[in-house]
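What follows is a pair of complexes built around subunit A, which joins subunit B in one and subunit C in the other.
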Partner chain A sequence: MEKVFSRKKAIIWGFIGLIILFIFPLFLPRFYVYLISIILLTGLLATSLNIVLGYGGIFQFHHAVFYGAGAYATALMIIKSGLTPWLGFLVGPLVSVLLSLIMGIICIRLSKLYFGMLQISLGSLVWIIVYRWYSFTGGDDGIHGVPLPDIISSPTSAYYFTLVITLISIFIMYKIIKSPFGSALQGIRDNPVRSEMIGINVKRHQLLALIIAGFFAGIAGSLFVVVDNTVFPDMLFWTLSLEILIMCLLGGWFSFLGPMLGAAIIILLRTFVSTFTSYWTLVLGILMMFVIFFLPNGVLGYIEEKLSKKS
Partner chain B sequence: MDLIAQIFSTKILSQIFVGLSRTTILFIVSSGLSLILGVLRIPNVAHGSLYMIGAFTAYTTSMVFGGGNTGFWMSLIIAPLFVALISLIAERGLFQYLYEREHLMLLLLTFAFSLVFGDLVKMVWGAEYKSVPVPPMFQGYVYLIGGLPFPLYNFFLLIIGPIVAIVLWLIVNKTKIGKIARAAAVDREMVDAVGINVSWVFAYVFIIGCLLAGLGGALVAPTVSVTLGMDHTLIMEAFLIVIMGGLGNIWGALLGALIFGLAQSLGILIWPQFGIVFPYAAVIFVLLLRPTGLLKSTW
Partner chain C sequence: MLQVKGLSKSFDGFKAVNNANLDVQKGEIVAVIGPNGAGKTTLFNLITGIIKPDSGSVIFKGEDITGLPPYEICRKRISRSFQIVNIFPRLTVFENTQIAVLARFKKTWDLFTPSKKIAVEETEEILKSVGLFDKKDRVTGLLSHGDRKILEIAMALGGNPEFLILDEPTAGMAPEETSKCIELIKSLSEKFGITILFCEHDMEIVFGIANRIMVMVRGSTIIQGTCDEVRCNQAVQDAYLGGSDVCLM
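Moving on to the complex of A and B:
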């Protein structure tokens, strides 16, 4: 990005974007405010996946399980504990971190496809437990009407809450990617053997990346509880994981903001297409094929390529 | 006789047989998946959708032929062939241009296919449950040790399983195509260099693998309600079986299916509510002990 835009330009555009995001609820109808909240938190989820996928080169096939676990932990903490709801927003990401630590330790010994498949297996186990444990998680009905603190219970305040948390999270993730740790992670992606040679502890770096990604996925899950007031088992199902992967691919997984863009495109398109046909997944599938064949670096990757050619 | 009956109380025995007939379906589907994964290196998520298409085609075929024995045998022929035709179009049309790309791209392409197939099935057959009648010649029960009744159709499945395994073994090990495919799995460039058109060999393997998915779908149709979404759980199970058995290894797929099927059916006895947890736990246990699967992988 820096090579294409000058730093000054980037800051100005970012500032304009921020102002637009902040004044949206003043003139947009309620439904669109809700929609943008969903886009923001899904974008956060996709960006967190991209830390391990695009920058870490790890085949994180079942990212949704950390998202769902965060959402369930938040909702259950609020409902069952009777303590202040704010505690739920703390517990959600923590549970995701714990889960990604456990799953990471088990899976990290394997590489590439085996890693992904073992992760799907463990994630399915979590899904089944949530799906079957009616008395605790509500089974396939999920949990509806999670009570929230008054300050964030209206759609507009939930939007601002989501916006602020998402922006902070995105900023922290950006800093992580630009830190020495982020560089080491990309080095591992490009050449694990050489990274090991120059003294980088490959497994430890990868595990830390998994935990970071799990943490932000958990935050996204907690935000979903704020915006939608519900949790349901589909949030941990593997098809959602592949949908997030699609968002990363569509936006461009070698660009930091690519997954955000991908999430926005897919959610807007789904909302738009669903209004006049029930065959949304057909459209998504065909779109996917086009992206794979003609835009292997995603939309943002394509734009960057064009811009750098011009200059 | 009494002793055996005592050791295996009838309940456990009948669950074992239920598990074994489930194993047959799992094996047929996952062996196709394993073949494709081992030779072409495609993690074919659309395999489950092909299985579903096979089941729906079997429904239509048996309706057209009137639900009798003829309908059943015709469905066993037509459903796999129809699925094979679809996979031929998909392979020649799209997949063959992507073999050099990353696994992740291939995985996502097959996922795109599964999304498209899912909606196409909804368009063609609708969203309602369909049930395929058990063919008249396989209605009724056989009696196992201790006079235990066991559905004749499931017994038929137990016979089909080994037949498929042997035929597949013969194709892979004794035919020329199979030998070339195994060689190409190890070193594609070398096979290309000696003047064999690997592209078409890959197509054959892909079609055989998908044909097995269709066959699995046609075989399972009389025992379950044929419905949208039947692909989601099955593809997950098939992938786990393939990983557990060792990628690309057909006997590994058999072993994996056996473990998975039995863990599923016996788990329900131990803990009815969470019985479904056991096969997944078995997979994790196996992969912790042997990270690359039980048997030798072709990768």
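Moving on to the complex of A and C:
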């Protein structure tokens, strides 16, 4: 990113963007505030996937499981424990971390596509447990009306909560990508054999990356509980994982903010095109084809390319 | 410094390395030669832990390192470069080398310090010593083949090796690049006292810089000795000139 913009310009644009994000609820109707909250937390989810996908080169095919697990853990903790709801927001990401650690240890033995296949099967296992365990998770009804602390219960305050947490998370992830760990991870993506040969324990680094990605997916899941007050089994179904994967590819999986943009595009498409036709995925499919043929680095990747040529 | 004793590895019944023996003293430059498919690269892969041997042992400074994972072996200060360029193509020259240095400093678990600020001096020093400093911000996927081979060596140096394995360092290089590369190898040995094991097809280079030579044919060591000993050896001549079936199976 530094090469595309001068530092000053980037800061100015970032600042303008932030101000716009912060004043949105003052003039936008409730529905849009809700929509932007969803875009933000889904963008956070896609960005967390991209840590392992775009920067780690790991085929994380079932990322939604960690999102759903975080959301369910938060909701269940709030409803069943009777303790302060804030504890739920701590437990959500932690459960995701635990789940990604367990699944990671099992899956990391395999590489590339085999990793992805095994992860889909294990993730589906988690999904079916949530789906069938009526007495605990509410089965396919999910859980509705999760009580929240007053301070974040209105749509506007939920929006601000989501915005702040998302911004902090994105910032931390950016720091991680730019850290030595991030460098090593990108090295592993480009060439695992060579990485081992220069003294990097590839599997352990990949495992840590999976845990980090799981953690932020869990945060996104908790945020969904805040924004929507509900959880349902579809949140950890594999079609959602595919959707997040498409967000990364569409937005640009080698650009840090690409997945965020991809999330915005897909959610806006789904919201607005589906008012005209229920076949909105047809539009997405055609769009995706264009992206694959003409913008192999995604939308943001394309924009960055253009900008860097200009300067 | 490094002893390889009776090392063997077969792939689906094909004996790629069969009873290989090698002995390298500190400070030496040792060449491994042999016809294509003799098992030179496999031997290097066995020493560096990329593949595990079926039998035999690798002893480095009195310590048995047979079958250790590559990252452990690298930490014992054995580095290698690859015959087929094996780098991080989406990263820059600087980043490629820096990752190796970071790995040596065990900094790759650091999540929050910006990479820009760590190990910069060491990395730049390595790039200067191999002559890639002026190209440090180039993405390596776009470098010329010769520069990428040099980068291979720079990355290997990132681990601050005592023992450096170079797999055909000059393969595919233009003549002037080749002579530069030879100068570099010599200076690594002379200035930094790094022990070097390399394999090479160009006999001029081999006899020019190697102290001793090990000859492999069909996976087996047929001789290890000084340049003159190897030159005059009947088995070597037969192997290279396609003589009678002399392989010592």
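In this text, the second predicted complex is superposed on the first by the 311 of 311 C-alpha atoms of A that agree within 3 Å, B and C clash if a C-alpha of one lies under 4 Å from a C-alpha of the other, contacts with A are read in each partner's own complex, and residues count from 1 in each chain.
Heads up, the rule we're going with is that contacts are C-beta pairs under 8 Å (C-beta built on N, C-alpha and C of every residue); 3 or more make two chains touch, one makes a residue touch a chain.
Quick caveat: nothing in here was measured; it's all calculated off a predicted structure.
After superposition on the shared chain, subunit A has more residues touched by B, the comparison being subunit B against subunit C.
By the document's definition of touching, of the two partners only subunit C reaches A:Asp190; subunit B does not. Judged by the touch definition given at the top, the superposed model places A:Leu208 against subunit C, while subunit B stays out of reach. In the superposition on chain A, A:Ser179 makes contact with subunit C only, while subunit B stays out of contact range.
Of the two partner chains, subunit B is the only one that A:Leu282 touches; subunit C does not reach it.
In the superposition on chain A, A:Phe254 makes contact with subunit C only, while subunit B stays out of contact range. Applying the stated contact rule after C-alpha superposition, one finds that A:Ile120 touches subunit B and leaves subunit C untouched.
Looking at the shared chain after the overlay, A:Ile200 reaches subunit C, while subunit B stays out of its contact range. Within the complex, the subunit A residues that touch subunit B are 59, 106, 109-110, 112-114, 117-118, 120-122, 124-125, 128-129, 132, 237-239, 242, 245-246, 249, 278-279, 281-282, 284-286, 288-289, 292-293, 296. Every residue of subunit A that touches subunit C in the complex is listed here, in rising order: 175-176, 178-184, 186-187, 189-191, 193-202, 205, 208, 212, 254.
On the side of subunit B, the complex with subunit A involves touching residues 43, 45, 94, 97-98, 101, 103-105, 108-109, 111-116, 118-120, 122-123, 232, 236, 239-240, 243, 247, 273-274, 276-277, 280-281, 283-284, 287-288, 291-292.
Subunit C makes touch with subunit A in their complex at residues 48-50, 69-71, 74-75, 79-80, 82, 86-91, 95-96, 98-100, 102-104, 107-116, 118, 155-156, 158-159.
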